[in-house]
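There are two complexes below, and they share chain A, which is joined by chain B in the first and by chain C in the second.
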Partner chain A sequence: MDIITQENPTETTISLELRGRFDAHEADMFRAAVDQAIDNNNVQIRVDLANVEFVDSTALAELVRGMKRCREQRGDLVLVHPSDPVRVILELTKLDAAFDIV
Partner chain B sequence: MTELSTLNSSKLDAYRAWSTTPIESRPRYSVVIPAYNEEWRIVPTIGAIATHMSSLGEPWELIVADDGSTDTTVELVDDLDLVNLTLLVAEKNGGKGSAVRRGMLAASGELILFADADQSTPIEQIESLVDQINAGHDVVVGSRAAAGAEVANKSLSRKIFSSGLGFIVRGLFRIPVADTQCGFKLFTADAADLLFRRQLVDEFSFDLEILYLAGKFGLSTAEVPVTWIDAPGSKVDAAKVAVEFIRDLAVIRWNDLRGRYESDNHQASAAG
Partner chain C sequence: MNPTENADSPITSITSALVDANDQLLAMYALTEVTTDSLDGETAVREILQQAQTLLRADALILDEPEGLSVAVGTSDASERPVAKNSNSPLAPTTASVSVTNESGSQVNLTARRADQPFGTADHKLLTAVANMALGALHTSRLHREAIDQAVVARDHDTASQLAVRALPTWQPDMASVDLFARSDPARAAGGDLFTYAEVGDTLHFVVGDVSGKGLPAAMMMTNVISASLAAFHGSGHTGPAAVLSQIDSWLYEFLSDAGLFVTLVVGAFDQTTNRLRLANAGHSPVFWSADGAFELIEANVPPIGVLPLNVGPSIEEVVLDAHPAGRLVVASDGFSEQASPGGEMFGEERLVATLSANPHRSSGELGSLLYDEIETYADGAQQGDDRTVLILTIRDDAKQERADP
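For the complex of A and B:
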């Protein structure tokens, strides 16, 4: 999986565009990107999932962890344009109710 | 929060129709997922499979063949409430081969795929297997060893196991398949019925038995390269399975010599 990071220097917002398969093999890389963003006070994280074809349970857990960390800092982790299979997986796991999805 | 139901695409529409409306005609496809203690992996896999298969525009059914799970796999799958999903519950763990057999013999599709619960072979690759069925083959095997296959994150023990098995299978058993163990195989309904009614091996080497029987009964088998991603949390103990595999090679040959494959050993029922 690739992560393309795009910061907005005037705001506390950062975009993480993920590409490929987001599974347990990629969890450490994603966690590091989220933690670095929060450490840099980018507590509004937009995770673009348009080009992610599959997320496993470990990936979902990482998304939830990131969302909780952001909300603790009065920010949020927002899911952007999840691909169709990822949308369905979010629905089936009922995580669609937990995240802000745009 | 954004309601996902307001975000529509043709794929999502197809999935929603499949998930709520019972199919009325014979399925073109059945997808069988064997599941033993898969509570951590099964739901995302079902989501990926359901989205893609629904997008193909043909009636299809999903069968989850539990293998006596002691975790919450059965409850999780049951709670999904997908009308074209059949859950086969086993009272006790009988081995992956027994779970696959129950699923295959309960399936009613014209083409029947069994796919592992970890989505290690992404479902999108079913089309290349279907192409080979349409070309006249009865059994099509997803292969990590065929030219063009892509394998990611495979452990060293699995590599040694696979190459060793491949040598034994091709050299001693004369099965012309480089990768017998990939959990992504497609069968015509007639081939599945013939083979899985006769299957006797309930453990991991049931694939080998099925391919041996395909050759014995003159079925045409093709091998298609796939992209395969080793899913963390695999339950396969390569060393243990290798020993069982070699033992089962002898068992399969012995069964054949004794004529145990000449007639059905199982009935086509979900209770199998």
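For the complex of A and C:
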């Protein structure tokens, strides 16, 4: 999986664009990116999932963890344009009710 | 000594040299015999230094690591070591020091002292060889220790995994109209998939779930979910599966949230007096139900436990299914649908439904075994990517007879 980071220096918003499979093998990389963003006070994280082919439960747990960390800091982790496979998983697990999805 | 010879005679000198040479040969032999497979690296290093002391005719040898071991022989106090410890430093006439480093970056400094004569080039080479041997002994000892530590961890991991797997029930409900099959194959020694069930009065309560993540951490959480489920069956089961789910959530939400995990969980209750099956589903998929041979997907209506507190989120709505005269519930985990073929294509839910639909008359056990055979055939040697769990609950009047006579 690739993570492309775009930071807006004038705001507390950061975009993480993910590409490829997002599973247990990639979870540590994603966690490090989220933790670094929050440590840098970027507590509004937009995770672009348009080019993600697959997510497993470990990846979903990382998204949930990031969302909770952001909300603890009065921010949020927003899912942007989830691909069809990701959207199906989010709907089946009812995680679409927990996330802000745009 | 022959009285006609004095101590400075050539014969005495030759004899003394031969004795010294013999002593050094013996010391060299002893040096090669020092065992380096001891767990105690310091003991091996001390033995090496003692033999090297003879070889070098040194009064003292001191070996130290920059931030670790310090061993001295020939002197009772390591603080008496010479000031010069670096081979690049100017040396006193009776002091020789070397510093050696291995490929992994470990370093030792070795210093020798003697009073009677300065150290020569050959002594420095021998000192370097001894330092390398001591460094090798320390490295071997530490590798040995690490291997043993890893073996202990692996053994504990296996034990914990076996205990986790034993939390899954193997008994059959004693209900005339219920035919139950449940099996979980973890991808590793233990996993986060779970199921459990209990009879309370005329009701069979059950849960099937999947803790996010894999391996022992997920398995440890899995056992907690099973314990909480069994307690909730007896505490809130009379109210229904939504109450059971809410009870489990109230007990485990903080625990799961702190651990960064969540659990998909479907909670069911089959009342054999009314033949009604009630379900509450927190993010679990797939859950299929068939009353007439055609399977429909039962969707979740709340997120998994650990994502949001269920008592402040969407209300938990139950699905009520009429199992008269018959019905079949199949709950699987994503390890089935996401199993990849050698070519990388996933098994998918469509194949799962096709197998279920094509075998309406098989008992739960037969159908479950068929599903596991199919997934193994489909994987065709490809690695099991995730835990695989299936619970099949077949309800019909003749189910008891089929179970007894498959």
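The rule is simple: the second predicted complex is superposed on the first by the 102 of 102 C-alpha atoms of A that agree within 3 Å, B and C clash if a C-alpha of one lies under 4 Å from a C-alpha of the other, contacts with A are read in each partner's own complex, and residues count from 1 in each chain.
Criterion: a contact is a pair of C-beta atoms (placed from the backbone, for glycine too) under 8 Å apart; a residue touches a chain by one contact, two chains touch by 3 or more.
Just so it is clear, the model here is predicted, and its values are computed rather than measured.
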item: Chain C versus chain B on the shared chain A, clash or fit after superposition; value: clash
item: Which superposed partner A:Gln73 touches (first chain B, second chain C, both, neither); value: neither
item: When both partners are placed on the shared chain, which of chain B and chain C touches more of chain A; value: B
item: Touching partner for A:Gln36 - first (chain B), second (chain C), both, neither; value: neither
item: Touched partner set for A:Ala97, first chain B, second chain C, both or neither; value: both
item: Contacts of A:Asp56 with chain B and chain C, given as first, second, both or neither; value: both
item: Chain B versus chain C as contact partner of A:Ala24, first or second or both or neither; value: both
item: First (chain B), second (chain C), both or neither touched by A:Val64; value: second
item: Chain C clash site on chain B (candidates 63-71, 171-179 or 189-197); value: 63-71
item: Overlap of the chain B and chain C footprints on chain A, listed as residue numbers; value: 24, 56-58, 60, 92-93, 97
item: Chain A-touching residues of chain B, taken from the complex the two chains share; value: 1-4, 7, 9, 11-12, 15, 40-41, 43-44, 46-48, 50-52, 55, 80, 119, 122, 124, 152-153, 229, 231-233
item: Residue ranges of chain A in contact with chain C within the complex; value: 24, 56-58, 60-62, 64-65, 68, 92-95, 97-98
item: Contacting residues of chain A [partner chain B, same complex]; value: 21, 23-25, 53-58, 60, 84-85, 87-93, 96-97, 99-102
item: Of all residues in chain C, those that touch chain A in their complex; value: 192, 210, 212-214, 257, 260-262, 264, 282-286, 299-304, 306-308, 313-314, 334, 338, 386
